[in-house]
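Structures for review follow.
Shared chain: chain A. Partners: chain B in the first complex, chain C in the second.
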Partner chain A sequence: MTMTTTNDMIAASPARRRFGGGDLIGLAIILLVAVIGYFLFPNNLALLTRIIAAALLVLSLDLVTGYCGVATLGHAALFGAGAYAAGIASAHYGINDPLAMLAFGIVAGAVAGLVCGVVILRAHGLPQLVLSIALIHLFHEFANKASSWTGGSDGLSGIAPTALLGLYEFDLWGRTAYVFGVVLLAIVFLLLRLIVRSPFGMLCRGIKEDPVRIRSMGASPKIALTKMYVISGAVAGVGGALNAISTQVVGLDSLSFNMSAESLVMLVLGGTGSLFGALTGTVVFMFFEDVVSAANPFHWLTMVGALLIAVVLFAPKGLYGTAAALVARRREAK
Partner chain B sequence: MQTVLSIAIDALAYGMVLFVISIGLSVTMGLMRVVNLAHGAFAMIGGYIASYAARDLGLAYGFAVLLAIFGTIVIAVPIERLLYRRIYGAPELTQVLMTIGITFCIIGIANYVFGPTLKTVPLPSELQGSVDLGFRAIATHRIFAIVCGLAVAAGLWYAIEKTAFGVKLRASVDNAAMAAALGVRTEIVYAVSFAVAVGLAAFGGVVGAELLPVEPYYALRYMVTFLVVVSVGGAGSIPGALVACLLLGAIDTTGRYLMPEFGEFFFYLAVIAIICVFPRGLAGRAKG
Partner chain C sequence: MQPIFEVRNLKRAFGGLAVTNDVSLSMAPGDRVALIGPNGAGKTTFVNLVTGNLRPDSGEVRIAGEPVTGVDAIGRVRRGLVRSFQVTRLFADMTPAEHVALAVLQRDGRAGRLFGNFLGMPDVMVEVQELLGKLGLKELMHRKVSEIAYGQQRLLELAVALALKPKVLLLDEPAAGVPQSDTGRIEQALADLPADLAVLMIEHDMDLVFRFAKRVIVLAAGAIIFDGSPSDVTKDPRVREAYLGSYANASHAA
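What follows is the complex of A and B.
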């Protein structure tokens, strides 16, 4: 396998107790980067919040692709479901409390994850990929048609979240949204670290390596993967809800094939099978996108293509995975 | 009755175009086990070359088609040598990423060179207008597309079932390592079938330019459709691909005629239903 995961190295490193040093260091790095971002780009917090929402989507994709080995090009369906659920709750039902909207997003994401998981896990290989693509198009067409609910191609507007916890208004500069996003990301990150190292997480990793063996050991790969899909949907739903709350509009692009493909690119760029890899990939990709696509969107596409080819050929473990491998090798040499 | 007939003709023509483009994908996928998302991009390149040759250089339609086929092969073979070769036998995710990267690159370059506008391939006067069948007039171009599809199907059937190359190809599809051990030069089989597949894609791209308009996002827009045909038909099976094309062409065209407001909703719903019922495709065999 050329796409080896970085798990092997992480599992082999000494830090694997329940709340090991890795978790605290990771949390500290996330918060540090968040603070640095806040002071470096005080006028562009909207972009940073968008990066956090995308990071949640990529983390969620990592759960099924990196940890379970399911290749999917339709993961934005889960993200979009969360975004639309949070948006519809606010715009049509007047549920404007951000935490309640978030809950709607999580539930919708989890339900979408269940639906997608049940369908996608029916097949393997190419048919699986095609199912995932067909699903994202189906979601997209549906949202486009149900325009009385979703606003169709105009996007869903009229989302007006009230103050967070009744204390912090969502201001014009997006400070509240940004802090809200950082806190959500930190919580999700810690929870996922627990999940991927739990016996359940190990089971999923085992299924990725050898489903036949897992089945002969008495576990059901399908049920475990479906569970993981639901968890992944909830995480993507958090990202979607965050996006709906911070931008106060939900567009059809949050359910698009492009978004699914881009999230996969981000994941692979950072390195599959590692939460740090997912975060690294998202941050690097989104920053480049912001810089380059402002200049010319089509050169951006060519560059993403070239980047993908380069990653596959020269760094199949992704940025984080390659770096982690280098560090591990140096440590061994000592 | 009139509607049913025009739906049937359009569905048949659309299905045949789909067949010409996707059959190459099906054969290479069955042979090399590469999930090639860039196949639509090759069809698009064919369309662009034909459009350039026929519209800007003023060549005859037949020449434009030939030029498109050979031009696309000339472009694609180095890509196969340099990039595809490295992902044979790699996990699917790697293949998906590599080929989608190639697709993105081709889209970006096509847009840079030809601009974002729609390109047409001007038809010769013989293919314009319509043929009167006595009870119904049918656009000549549709008939041309159907005939091309049938010719390709017959030609491929002959090449694969009756020629020495076909024997080697089938042997390599079934078991590449064993075929190589028996003296079949599998890398030549790979290269030739890749070239034929790309050439057919280009041909389909030109013939189908009326039905699937050529523009930079062609490669992404129809990528799904081609992949769907292959996975519904079962990779490597010509009859499977033919049935899948006709079926999907019928579903899509009927949906567009009768329920245009739903777009491709029913098409994708049908795809999901078919794949859920036949996870290995209509004519797929159990994989070892």
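What follows is the complex of A and C.
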């Protein structure tokens, strides 16, 4: 077969057509939702920025759980590491440039990802889950005890980011932080779209389905998963740093078991193994939580629980996953 | 010719029971060898020992002259010892094209790349299409594996193994579970395997063994009791006693 013919077939393949379009559509949707959010909730941009930070954590979790099949209830450790690193850089070392703080967050998240990956990947199934819980408790306790650095249970304060690019001050209304968050989310989303479609992404999907088969192809699942954990840590670190920069305080809740569990709930709600699923789950969960807790402060947790039960029972692939499956079935029927 | 694959005095016991008992064999490039034996003869243990999934008590395994006894399963694949599985182990949500591309990329050390997609890599796609074309799977290359027939999945197993460009190929019952109507396609694929590839096939289907193999090794109670030509295997009294009795008698009667 000639190269020209091959290229024609590649260009004509349905998978190829889907790919580039998906990136742009995804980016357009993120930006559209961000703009709508900006105009609908001009006085609540802090909530929207918090949602973006959580979305980065859930995307990060999706990389290891959705794409690689790793069970974890300790993923906030990576997020918290990023948040504390960015916060400590500012509060203790006077590194107040938001981009430098972001870099600290990314590196700390990646290092935390490496540490967690090395430990968690030694086990499978339930023992893996237990290891992840142990890790988040260790991280939490470490941050609590190292109070001279982290502020302990009082939280880390004194974070004072300077103007973004020397031009945009972090204002009281949270506009700069919100735009900064949207840009970060868009960049991370595009990078992750590239990664999940890359040979490495394909390798990880293979590992999720059958690590024995991957070994028989000469690849090491453990090395690949550790690498994915580091990438995941960097993404969670972006979320953590964004949280530290936008709220200018870092609390112990940013590396809590509760946050880890909530991020898993958001992922399952949206649908695992899909970046769109992770984003959908985060937005729906956090909005639902915010609206319902304001409407009924006494029974809001019951309502959140009811929503989750309904989704798990009637849309087991998650909100996005089920919708995508329905659309695909309709297309096939045509 | 220097052997491409050697097993020397391989031993493994479980709780005092010798499951692999002083097994030695040697294969040259292009060999077509069938390994047969009754249930419990130790074929699975032997496969696990040579592929590095199980450590031997003693003995040695060599690939292209290099001792690999201390090398793990992944290292042995990278040195050219590739196996297929008795029960298909494919990725249900991935396409045949993705399977073969992943094998090609892994073989070339490119499976860890974070950017780019194999559909945009002409060299990979040429190989994917050639391999799948040879095995009659080209039309299905973008379908999910869960949507293709079992016989086609068996062929894809073979395609994945071949994409790794092995020196030695271990085929574990390549036609197991395949409907009669599809076995011809698999036999053709086996006949078309690269001429310089050493193939060791573990198989129960004696008709397939006799059509495919130029040499038959019989394993019984963990030891090799016969190593010779297919025409002699049914005449060997130890083989008749251990394994082939009814088949040999039947073929003689016929």
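Everything that follows uses one rule, which is that the second predicted complex is superposed on the first by the 310 of 334 C-alpha atoms of A that agree within 3 Å, B and C clash if a C-alpha of one lies under 4 Å from a C-alpha of the other, contacts with A are read in each partner's own complex, and residues count from 1 in each chain.
Keep this in mind: contacts are C-beta pairs under 8 Å (C-beta built on N, C-alpha and C of every residue); 3 or more make two chains touch, one makes a residue touch a chain.
Small disclaimer: the values here were computed from a predicted structure and weren't measured.
Looking at the superposed arrangement, the partner reaching more residues of chain A, out of chain B and chain C, is B.
Of the two partner chains placed by the overlay, only chain C lies in contact with A:M217; chain B stays clear of it. Once the two complexes are laid over each other on the shared chain, residue contacts for A:F41 go to neither chain B nor chain C.
In the overlay built on the shared chain, the residue A:Y93 is in contact with neither chain B nor chain C. By the touch criterion stated above, A:F287 is placed in contact with neither chain B nor chain C. In the superposition on chain A, A:V311 makes contact with chain B only, not with chain C.
Within chain A, the residues touched by chain B in the first complex and by chain C in the second are 1, 3. Per the touch definition, chain C reaches chain A in the complex via residues 51, 73-74, 77-78, 82-83, 85, 89-95, 97-98, 101-103, 105-107, 110-120, 122, 125-126, 129-130, 133, 142, 160, 164.
By the touch rule above, chain B contacts chain A in their complex via residues 29, 35, 83, 86-87, 90-94, 96-98, 100-109, 111-112, 116, 216, 220, 224, 227-228, 230-231, 235, 261-265, 268-269, 271-272, 275-276, 279-281. Residues of chain A touching chain B in their complex: 1-3, 65, 69, 71, 73, 119, 122-127, 129-131, 133-135, 137-138, 141-142, 144-145, 257-258, 261, 264-265, 268, 272, 298-309, 311-313, 316. Touching chain C in their complex are the following residues of chain A: 1, 3, 6-7, 9-10, 13-16, 19, 194-195, 197-200, 202-203, 205-206, 209-210, 212-213, 215-220, 224, 227, 231.
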